[in-house]
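Next come two complexes built around chain A: one with chain B, the other with chain C.
And then the complex of A and B:
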């Protein structure tokens, strides 16, 4: 895995798709290619109420990515410094084997360039000291990005707050 | 040569957008729009409003520019479009990139080789589909004589034909003749619509291929054209130089009649300077002159006896006499001196008139003959004797009657500073060829009698008219010249090409538009979709053999020797065209498949110009996994991967290279790659890929599935 962690607080996400738009305009992508995507699950009836979730689906930057091992040209790579999986556009010939290999549907097809696009956590932005585009303008602030070791804290705090919620607890 | 300004602008704009330096959304939008329009110019898809739209976008950009950097970018863009305005305009008008940087616009090698620049791949495709009249229409945009050229062209196009690197060149020449004959017979061979008379008059001197071509294009442009012709027939050298067994008179008559239908007036038996003068024509209101008088005077042999005997003929005069109706045999034993097409024509004509023995004496050997090899072969079949390495020394005879030609045997020596082998006499190698007629066919030059009126015109040292080759303009304003009169004895297609150039230049001159500085590059009028066929058919279509008249009839009559392919042969032959106007043979597909993918399914040896190796379109399906990387990297869309009727088909210019069954997403039914392709992926991921999900799913469904799993596995207690 990469040394980063991108956390989505599904409780606060309203499915506005601003992350997708930021991602696409940052990478200047045409219709179709979505390196990150909000997938709507539901609505389902839960305790008599319709509920639905919006799940943020970027690339998981696997430890041993199938897309990298399947790529015949060496275009799909894992950055050794931080484990980000990315496509070198110069080397990509558009054979789409990575698309077929990935079990998560992360690599995307760009019909205009005839090459593959994928989430690289906006590594150029990271290198410039910025956050990934999707995180930057998230309307509800449900997306947070950071080093994996720092992100566990966010999760803990969130869980603690949920457990201590007044209307939903023993208080 | 510097890179094409259109291409350069494209690179600048895409780099600018990709660099991310355009932080202002409006600036970025404008640049993207300009890039889009420039792409269309580069692809030949632009209209006349494109440049105007770009101008106004640049103005918008400059008004909106809020930083010094943006202002500079705007200024750079403005310079790019204004500094090379004419190049952008020519890309739009001619759909052509002279420096070949804009890949999609490059004409095919055959079209580049044709002196008239005919759009060959387009008309071959039309003929393959059986659309003969449309093919003729395409040819006549560049050449008003498709039928004539279909029978006698020297076909420089076939020399360049890429198909010859696979097997034999496409029979480009004859296919035209078939289409013309068929269209003519069906009454579908028609003139395009001409413009209204614009009140201007042009006088063309000489009704040969050059003159008639200029007359055709000028009258289409709305000029009144009058042709002055010294002979009683039209066609010039194609009528009086080329014998009837190669080009029937009716073919010339029909194509000339179409030009006359446009209102072109031809005055026969009228020699310029004798029967009509420059002043007469000026008084008639002629605004411009076009000189296409050809090269009708024969060079002297310069040997003893040449001036003594009446039976020493010059080939050009002899052929003219025969063409005009004198069908008496020149003698019993004829010797023709020379090795060009005129020598062969004279010899074969003499034979047909009843000469008992005809031989050709040539200084070099067979391989060095400038004549068409087919012509030489046919002459040999008819029984013409060839005496190679033979230098004529003296014409022998007495009392005005020739008895023979005294010759010396020669050997070929490589001389320094010359790329042609020189014949050098072997001492003591004298021999005599018995003959009662000697015909010299060693070259022609321009007859300048009567041209004195064009006093300001310059002549070259070779006795030809000096012109600017881009515009065919002479030094005398309003006087243009083309054809053999400018080039010296050359080919019909060159005369047609230069006649067309002259017509355009005369139009510019009379419309007060400055002349171009470099000759125009051939124009691709449009791109026909290629003919679809299987790889096996593309590889196995064979060049048909030309059916010939039997030799006895060839030795005795002037009937057409080459009888022409039948319809089936013609359609098949046209289908052999590789469509080099679409595929530029850059070899990127091969490179991607072999070096990047490691598959090496494309065996297109012909694409390597310098070292062609074996080509077999049928070999593709053995290894190809229809991944489409070749198609994704083909900038001309010559290689296409299409999904149709449950199959993934890979096609190169219409040739079906491979076809594999499509698989479908088991959840939503979306198209998935072929099984061969998924095998390739599975081999690459190896044992790593042990999936929980065994269904075959598309990209979108995989994402949906993992999102659902995400929800289901969320820790309890969270709302």
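And then the complex of A and C:
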């Protein structure tokens, strides 16, 4: 697992796909390759209201990545400093083994170069002290990026705030 | 060389502030301007596709002159010199023969609008019209009838609202970044959202209350809400007695519009209507009934918009935090606005407008914008006089005015059609000459005056040199003007000169914009004193009983006319709208946007589809009295059985825009050109269509 975590607040996500476009634009990718994607689930009626979910699917930067261990050329790698899983284009021969291996569909095919693209948490931006493209530009600001330990904090606070009920509180 | 430029997005007309990074003369990165509160770096999907648009080689790359039949797509490349001469010669000819008024210019209003208006004024033609009436003509008229201000002078204070009611205003798919972010933040703070639409949208999925209203009946719902609010005295009595003119007349009028009556018309249970009235009044005045765009768009739209605005007035939410407010200009903060070319002296024009807006035949629509959908009628009937030329600047009458076949017929009568655009739009394709404009990333533009609670000015600044042989719109018009002997109305050589001319006397210079991309006239939000509200109506009050309407011979409170249901089982009311991915008719060919959404589909209710034998994703034929076409069906429970829905802006006919060519169906092709004869909006939802499987 990389030491980072990319948190999506699904309550404020509007499924607009700006993140997908930003990611592609930042990496200058052709039609087809989508290092991250928003998958819409629903609408479904829940307690009399129509609800939709938009699930943000980048790469999860696994601790023991299937893609890295199967890549025959060593193109797919895990960065030692922070655990980011990325593909070295120079070494990629386009054999697609990683595409078959990843359970989440993260590695993507670039039909123009005949090589694989994937979410690398925008490591060039991180190294320049910036946030990933999708996080910087998300329309509603529902994506946050940081160290995994800080992100769990965000999530807890978020959940506590959502579930606190002052009306029924004994205080 | 690397640089960073503050500018303004123009993937849609909202014009969000942006920061552009340029590397080796190429745009490398665009983000929302981080200095602007409520933007903080964000961009919507269309704004995110700015680079994809810029480097697309399917935009217009040089001036083009038609060689084949109109619409045949046979063009020859021309130099700017030649193209400008060609247009100017023909305009001169037309002006000499039939008078300047036979030249019209239509436009999707933008920063250089004062240039196009000045161009026509200098030429001596009254016939400027914009896309505005198509979008919100009746909203404009309704605002003037109640407040004496246009809709453009009214704003919505999302950030501090406690309850917002949206009538088909699909705010989380028809995106303006700041609006989305501020409203989302208010919802996170506990604001309530009520959403009313015959179709479930993303906005519906974020709502606390959603009503699948019977299409077309928003007005009935509002009359019932008003009925409950007045009967149960849920309104802001202090505000209403001080500022409302005609509340007693309204009370008498809504007497018989009970929630039970509305339930039959709208399909919304009476108890729920009463519950909303009671609930929302607890949060007044920080509540919003959203008056703008979409919602039922019918021939009596003026009254629907008025009813929404009246609900705000009853809640006292006018000029209130978390309600609606009047936009403040630089004068309110002791400053001066940028100059506009239209402030010059022009020769007087005696001819009436082609649409007669502002005359006794069509008194109420705003002549500053005109009434676009009247254009085909005016041309075809030569009423009030023959029109010979149309300059279409960034607006596409073929795809945005209902009944494309009729619009085409009208265009066929013209001697000259010129398009100024960045894209191969359908109107460009149907033109005699295309004059390609540089994109927003390749041009400096006129000053953006941003009135609001804090008046500001923004500047669009060129980030990179034009990639193709294109020019700025304000330069194109100036150059045509020079050939026509009206060059002296355009006192600039470059856009920089024009901006400097505009800024003269404001106390600001272009350098002031370099730090953050904008300048502010003051630092505090300006709300007017609610004891002294400067309404500009004759009574100086909010006129429920409207002198604007009544002096023009219209009623303030006409009886409600029941909304027709489709007559046969295969007939539906056609409803249209937007998605987050595209801007009206202009972005369907942008590579990244096209990849995400390349065609539209026809939403149809599952039960109805079952009865008609229509399968999900199968082709169907949609036909109205004026046109028909094919489109794939999207079968869903989440649309009212009386309605079918399609996204606006697909079904393009321009062959060189290859990705969007012939993909999906154009709504304008099957919408009938009918409109609100009082307020001025097209009645986009007054077309019934039949749908059959293929």
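Going forward, the second predicted complex is superposed on the first by the 164 of 171 C-alpha atoms of A that agree within 3 Å, B and C clash if a C-alpha of one lies under 4 Å from a C-alpha of the other, contacts with A are read in each partner's own complex, and residues count from 1 in each chain.
Here is the rule we use: a contact is a pair of C-beta atoms (placed from the backbone, for glycine too) under 8 Å apart; a residue touches a chain by one contact, two chains touch by 3 or more.
Since the structure is predicted, the reported quantities are computational estimates derived from the model, not experimental observations.
Chemist: Could you tell me if A:152 is touching chain B, chain C, both of them or neither one (first, second, both, neither)?
Modeler: Once the two structures are laid over each other on A, A:152 reaches no partner at all.
Chemist: So in the superposed three-chain picture, is A:20 touching just chain B, just chain C, both, or none of them (first/second/both/neither)?
Modeler: A:20 contacts chain C only, not chain B.
Chemist: A:37 contacts which: chain B (first), chain C (second), both, neither?
Modeler: first
Chemist: Mind working out whether A:12 is in touch with chain B, chain C, both or neither, as first, second, both or neither?
Modeler: After superposing on A, A:12 lies in contact with chain C but is clear of chain B.
Chemist: Going by the contact rule set out at the top, does A:95 touch chain B (first), chain C (second), both, or neither?
Modeler: first
Chemist: With both structures fitted on chain A, tell me whether chain B or chain C touches more of chain A's residues.
Modeler: After superposing on chain A, more of chain A is contacted by B.
Chemist: If we overlay the two complexes on their shared chain A, which of chain B and chain C does A:104 touch? Say first, second, both or neither.
Modeler: The first partner, chain B, only.
Chemist: Contact-wise, after the overlay, does A:50 reach chain B, chain C, both or neither (first, second, both, neither)?
Modeler: A:50 contacts chain C only, not chain B.
Chemist: Chain A residues touched by both chain B and chain C?
Modeler: Dual-contact residues (chain A): 11, 42.
Chemist: Help me check something: in the complex, which residues belonging to chain A touch chain B?
Modeler: Answer in residue numbers: 10-11, 28, 37, 39, 41-42, 53, 55, 57, 64, 66, 69-73, 91, 93-97, 99-106, 108, 114-115, 159, 162-163, 168.
Chemist: Residues of chain C touching chain A in their complex?
Modeler: Residue list for chain C touching chain A: 29, 31-32, 40-45, 47-49, 51-52, 172-173, 175, 177, 180-181, 184, 188, 200, 202, 204-210, 580-581, 591-593, 595-596, 638.
Chemist: Which chain B residues qualify as touching chain A in the complex?
Modeler: Counting only chain B, the residues touching chain A are 17-18, 592, 596-599, 627-629, 632-633, 672-673, 677-678, 680-681, 684-686, 688-689, 691, 693, 698-704, 706-708, 710-711, 714-715, 717-719.
Chemist: So in the complex, which bits of chain A are touching chain C?
Modeler: Result: residues 11-12, 14-18, 20-22, 24-26, 31-32, 42-43, 49-52, 136-141 of chain A touch chain C.
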